[in-house]
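One chain, chain A, appears in both complexes that follow, with chain B as partner in the first and chain C in the second.
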Partner chain A sequence: MFSYNFKYELKQLLRSRWIQLLSIVLLLLFGFSTFNGIQKVEKRKKDITTAQEEVKENDAMMLKLLDSVERGLEVSASPWTIPTSPMAVGNYHPRVAAMEPQSMAFMATGQADLFTHYVKPTVSGDDFALNFTEMTSPVQLLFGSFDLAFVIVYLLPLLIIAFSYNVLSSEKESGSLRLLAAQPIGIQNWVLQKLGLRFFWLAVLVLIALTVVFLVHGINPFAQAAVYFGLLGIVLTYMLFWFALAFLINLWVGSSAKNAVALLGLWVVFVLLVPSVLNQMGNTLYPMPSRTLMINEMRSLKAEVTARQDEILDNYLRDHPEYALNDTTQTRSFWHRYMASQSLIKKELSPVVDAYEEQLQKQQDWVGRFKWISPAIIAQESLNQMAGTSTQDYESFRKQVIGFAASWREHFMPFLYNNQSFSQQDYPNLPKFVYTNTKTSVQNRVLLILGLSVLVYLIGILMYKRQTKNNLLAT
Partner chain B sequence: MISKTFVKETKELLREGRVRIAVVIVLLLTGVAVWISARHYQNVNEQYEVAKTTERAVWDNQGEKNPHSAAHYGTYAFKPKYPLSLVDQGVDKFAGTSIFLEAHNRNEAQFSAAADQTALARFGDLTPDFILLFIIPLLIILLGYNSFTKEREMGTLTLLKSQGISNWKWLLGKWMALFLPVLVITTVLFLVAGLLLGNLSDFGVFSWSSLLMMYLVYLGYYIIFINIVLLISSKMKKSGISLVVSLCIWIIACLAAPKAASNIAENKHPYPTRQEFAANVLKDKKQGLDGHNPWSKETKLLEEEVLREYGVDSLHQLPFNFDGYRMQKSEEHEAEVYVKHYNYLKDQYAQQAKVYRGLAAISPYLPTRFLSMAIANTDYATHWDFADAAEEYRVATQKFLNDNFAVNSEYGNWSYQADADFWKGLPVFEYDPPELKTTLESNASNLMVMGGWLLGSFGLLLFTTKNF
Partner chain C sequence: MIITNNLTKKYGEQIALDHLNLNVKEGEIYCLLGANGAGKTTTINLLLGFITPTSGSAFINQLDVQENPKATKRFLAYIPENLMLYPNLTAVENLDYFSGIAGKTLSRSDLKIVLEEAGLQSEAFENRISTFSKGMRQKVGIAIALAKEAKVLLLDEPTSGLDPKASNEFGVVLQKLREKGVATLMATHDLFRAKEVATQIGIMKDGQLKQQFAGHDITLPELEKAYLSTMDYKELVS
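And now, the complex of A and B:
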């Protein structure tokens, strides 16, 4: 029976041009979305390279200036920008702290359009005031991006629905169901075989289309085998979930039109409603503290700190006796007081700043706890993580930059408090920022979607057992 | 004959379960969406009021201080929410809500809600505009996809033809039957919204004419969808295929086209990155007067000019404090630099807007979305308008402070402190969004695109059903 089914199904799909149509649609969608993703990644790379080139040029100028100063020549630059002063180097020659795109970053835009990919922290200024959002038109953020993740999470289920909503009902409507009932196969097995075959063919098409598109765009999927197979795992299990739903609906609901409506309703629920409701509930349960109140607090603290600058500097030097010892001149300028005050402000404000991170973490945990309600969330999250554009990635980048900002500042402190000039020999020792990726593995998520699909399938079987064959045939 | 078709179709729709279930679901979702939005608004509005009064108090009570220190201390402009944002939230989530106004720098609005949320926020929100823009068109498809195909499938087409009914009358009857439930749902929704908004006291000025305009825009949008769905239904042989084709149109119009448009727009007319933008501004600023640098070439030029104008030979003899004067002049130069760079951003966006309008040819969703946001004062243009108003206020504030510094102290006297009462003299920042008329004028192209869609879809529907 299975082989008959297989042959018949393939013939039918080819004759009704489903396979041809799906191949073209998939190639177009995957091609266009991959193209978009690659464009974005290239712009990102270009921006970072430009910024780094600029730093290189600036550094060359700085070294030249240093050379002139060290040889006792007169220089034309403004006195406070001459790089013998460590604070001038720290402020006017910042390094680029950049987050290079990962190899498969084109797959999902994720949060990449919202956040910036490089910042240049300086010794002055506040870490929490570093702006990590990117300058984008909010209309673009509202509409989102036509990326591979969009095609997979939003559009692929719709293709599956169009492909499978009437597997059983069309037989009923054309009257061939009664003939089928006479065959030695249970209806549910027959539907399962039919949907299974359709899943098989669609999976084959998706695999081929994805690989072809990658190769055409010059991406070798096997060079990043782990990510590529992770992607395939997510796509296949996600497809399986929607086929399982189609199985359930086909057995449970009656006519073609009703099936289509029910499946569409489920699509709206899983892809649009559950994510937005979960997000809104997360926001309500763990609301972000008011940003304006944070600013008020910061401002009053700063006013207070400015009033006691001298005292703060004394305390700071008491905590760091090495500075007081090594310096013979004991000169104290604006910068000495400023840096000591800044380190105090940072310490005192850290609980306020941490509150945001904690709340975001709680929201993230909340989503993590309930994401199994919608496979769309799991699929989107996994794709974002594989692409390195998830919220966690940007959060980790932010933390690494703030860490780097601290070490950048720390690097100049001995120079400042020892009243030591910055020289050409010190240049190679300047700290450099290296971004380390967060490690991700999607195995658990693949298993989770698989589990959900099996659950839906079992519900389908149970539902069917409750109905009798007569019910199905009598219309 | 029109009325008979209409009555029969309406009865059929009423009897069918899918209509009842679908309508109930839509109403339920809307209820939840309105409830969530209303809660959100109350929160935001309360925070806005608190922030506004606190910030003003901070400003008023800064005590004796040098005016330029106060200028660096700065103040904040907060973006208010408008009544119709309850219906359409627009880009509010992605645009910042507060702007720091300080000396020398024009700051971007910061702290957008989306940046403080998880990636789930990018899936969209359950808000009334989501129902109006996405779900009701879906409802139209569900109600109308088999309007004509069922006559073929049930074999009633032959019977109908023998009745001698003309095609356009038949069509009009079907059209009206599909339009009626949509009209009822939309009218109820907007009436409820109007009553709700009219009764909320802390929602600012609410105008019925804006709501009416919005209602008309959405009705136009739905009429376009009805035309498309009926057109497809009349051309297809099977209900199933008609449903699938209509859905494809929905996906393309509401989901795919906006995203594709955003990708194309960004590719063709990109914004600079934040760092690039800041670097460009800095470069231009350096080429002019720096208020904090009394030794620069530009300062010397300004000094000579002022001395010549007043016919004195030292800065001490001027009737005002030259430090304050220089600060003000440099402020004016910096403001010009910002105008230039922000105009560049606006130009880029104007180019992007053209891409969106171009793609509106395949998506009636796009002009509707832009019109709806514009009327609700939650669009990008309103955000620009607010940011510009804040900038204008910032420049005026700087003048207010620098003038006080220049008039009341002598050259070189940086220890001068203004009275504690002086700060209260600064006018409060008030911002009024553009009026409905201005909004419509600036969105004339979107209105025209929508008009084109309406006429085009009607024309196509009538023309192609002439010979059934």
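And now, the complex of A and C:
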């Protein structure tokens, strides 16, 4: 039976122009979404490059000024910006801490709209409160704009539904089912083969369309083979899940109209409702502390600390005798007091910041625990991770920037407390930020979606066995 | 070849078929006559295994239909009232597909020979089914039976809607199949065609087989009279 189904299914799909229609639709959707994604990535790269160029120009000016000062020439600059002061360097000549887009970032650019991709931490910046967590909803973080991930997660299931909702019901409605059922075949196997073949041809079209679109846009998919095959793995298993649902509905429901409504209902449930319910429940169970409250607390604490900066500095020097020993001139500038107070502010604010981050983490964990309910969440999350735009990626970037900001500040502390000037020789030793990508493997997620597909398939078989044949074949 | 033993089908309290006993032997054509709802299609559905009997049993080539649903279908061919094939495939392709899934692999030239044997004009072989008349589709259905080398043919009102010429051609093909030893059970309203082709005729009413005749023992007017009186159309009988 399989060889005949294989031979004639393709003929029928070609003659009914399904293959041609799907090819055009897939090329258009993949083409536009990839173009859209690439534009966003290019903008992100441009923003980072502009920031880096600015730093470069700024550094050139700084080195020129340092050279003039070191040669005893008069310079026309505000005294507090002259880079012999380490605090002037730390404050007015920050490095760019950038999250360079990964090679396949165009696939899922959704969160690129929400998060910052570069920061310039200064010695006076509040690195502990870096503005990375404006968006607190984990599911909202998952879904983004019209990119490849949107096409795959939202639109591809709709194409699959249109392609598969009436495989059995159309046979029943046209009358050919009775002729088929009079042959020595199992209807259940026949439906499975028909849907399997439609899955196969759609998978071939998706594979070709994706590869063509990538090559047209100048992306070599095989240069990032692991990510490309990961993408294919997610797309194919996600498609398989929807075909498994179509199998269940074809065997279970009946008329074409009912099948279409049932499958669209399931699309709403898996793609819209489950993520939204998980989000709502996450917000209800683990409500985020008010960000305004956190900012207010930071401000009042700063004001309080500023009022007792001398006392704090004394305490700080008691804790850091290495700086006190060198404090021969006993000159205590604004910076001495400010820097000493920073660690205290950070320490005292940590419960507020930690509570905020803890709740965010709990929300993420909540979604993580129940994401298997919807393959749409698993697919979107996987695509975001492969693109390097997942919540985990931004969280990792945030932590890396916080670490860098601390090392940037620490770098200038010996200069400050040893009353040491910054010179041209010190320039090459300035800390540099290097972003490290989070390691991603979608293998487990592929297996998870595969498992869900098998489960749906088994439910379909069980349902078919339980329903009477009368519904299907009696006239 | 086709045997039913007290075959009964009930839908709740309603009896669709009531203790039907039939025996259609090799090379016989049994025509089941009866008004709508008499139980003709129910009998065919039970023989095809599409529905399960309430009691009794049905056998095709000595195999119980309920116990061997797939095996019995290897021996039978079925032509419904409106034979629907795949409109985007040609006659040859439809025949190749249906005989193929039934386990009979034929070459393209063999497929054409079978279609010719079924009475389809050769110029229609490579035309899509969407352009075919009902009579032409019925011929493809017969070709499927021939290709399958079916021992049993189940026909559900196959001549309804056919013009006299097509109906006559259909009758000729049935006779050919009979000569090959095929056992045919045909449910029909067409008394004339039944008299023409049948070796046995049964009249059904309310799920029961009321009368049986040998085809050669009865004339068309006698058959018509027997049918009308069985249906209680007394005013028409006179």
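As a working rule, the second predicted complex is superposed on the first by the 457 of 475 C-alpha atoms of A that agree within 3 Å, B and C clash if a C-alpha of one lies under 4 Å from a C-alpha of the other, contacts with A are read in each partner's own complex, and residues count from 1 in each chain.
Everything that follows uses one rule, which is that a contact is a pair of C-beta atoms (placed from the backbone, for glycine too) under 8 Å apart; a residue touches a chain by one contact, two chains touch by 3 or more.
These figures come from a predicted structure and were not determined experimentally.
In the superposition on chain A, A:Ser176 makes contact with chain C only, not with chain B. Using the contact criterion defined above for the overlaid structures, shared-chain residue A:Ser3 touches chain C, although it does not reach chain B. One of chain B and chain C touches more residues of chain A, and that partner is B.
After overlaying the two complexes on the shared chain, residue contacts for A:Ser16 are found with chain C alone; chain B is out of touch. Contacts of A:Ile185 after superposition: chain C is touched, whereas chain B is not reached. Touched by chain B in one complex and by chain C in the other is not one residue of chain A. Taken in their complex, chain C has these residues touching chain A: 41, 45, 48, 50-52, 70-71, 73-74, 76-78, 80, 82-86, 88-89, 93, 96-98, 100-103, 141, 144, 154. Per the touch definition, chain B reaches chain A in the complex via residues 18, 22, 25, 29, 36, 39, 43, 47, 50-51, 54-55, 58, 73, 76, 78, 90-91, 93-95, 97-98, 100, 108, 110-112, 114-126, 130, 134-135, 138, 142, 145-146, 239-240, 243-244, 247, 251, 255-256, 258-263, 265-267, 270-277, 279, 293, 296, 345, 349, 352, 356, 380, 383. Interface residues of chain A facing chain C in the complex, by the touch rule stated above, are 1, 3-5, 7-8, 11-12, 15-16, 174-176, 178-186, 190, 468-470, 473-475. Residues of chain A that touch chain B in their complex: 32, 36, 39-40, 43, 47, 50-51, 54, 78, 110-111, 114-120, 131-146, 150, 154-155, 158, 162, 165-166, 170, 256-258, 260-261, 264-265, 268, 271-273, 275-280, 282-284, 287-288, 290-293, 295-296, 299-300, 303, 356, 360, 363-364, 367, 376-377, 380-381, 384, 390-391.
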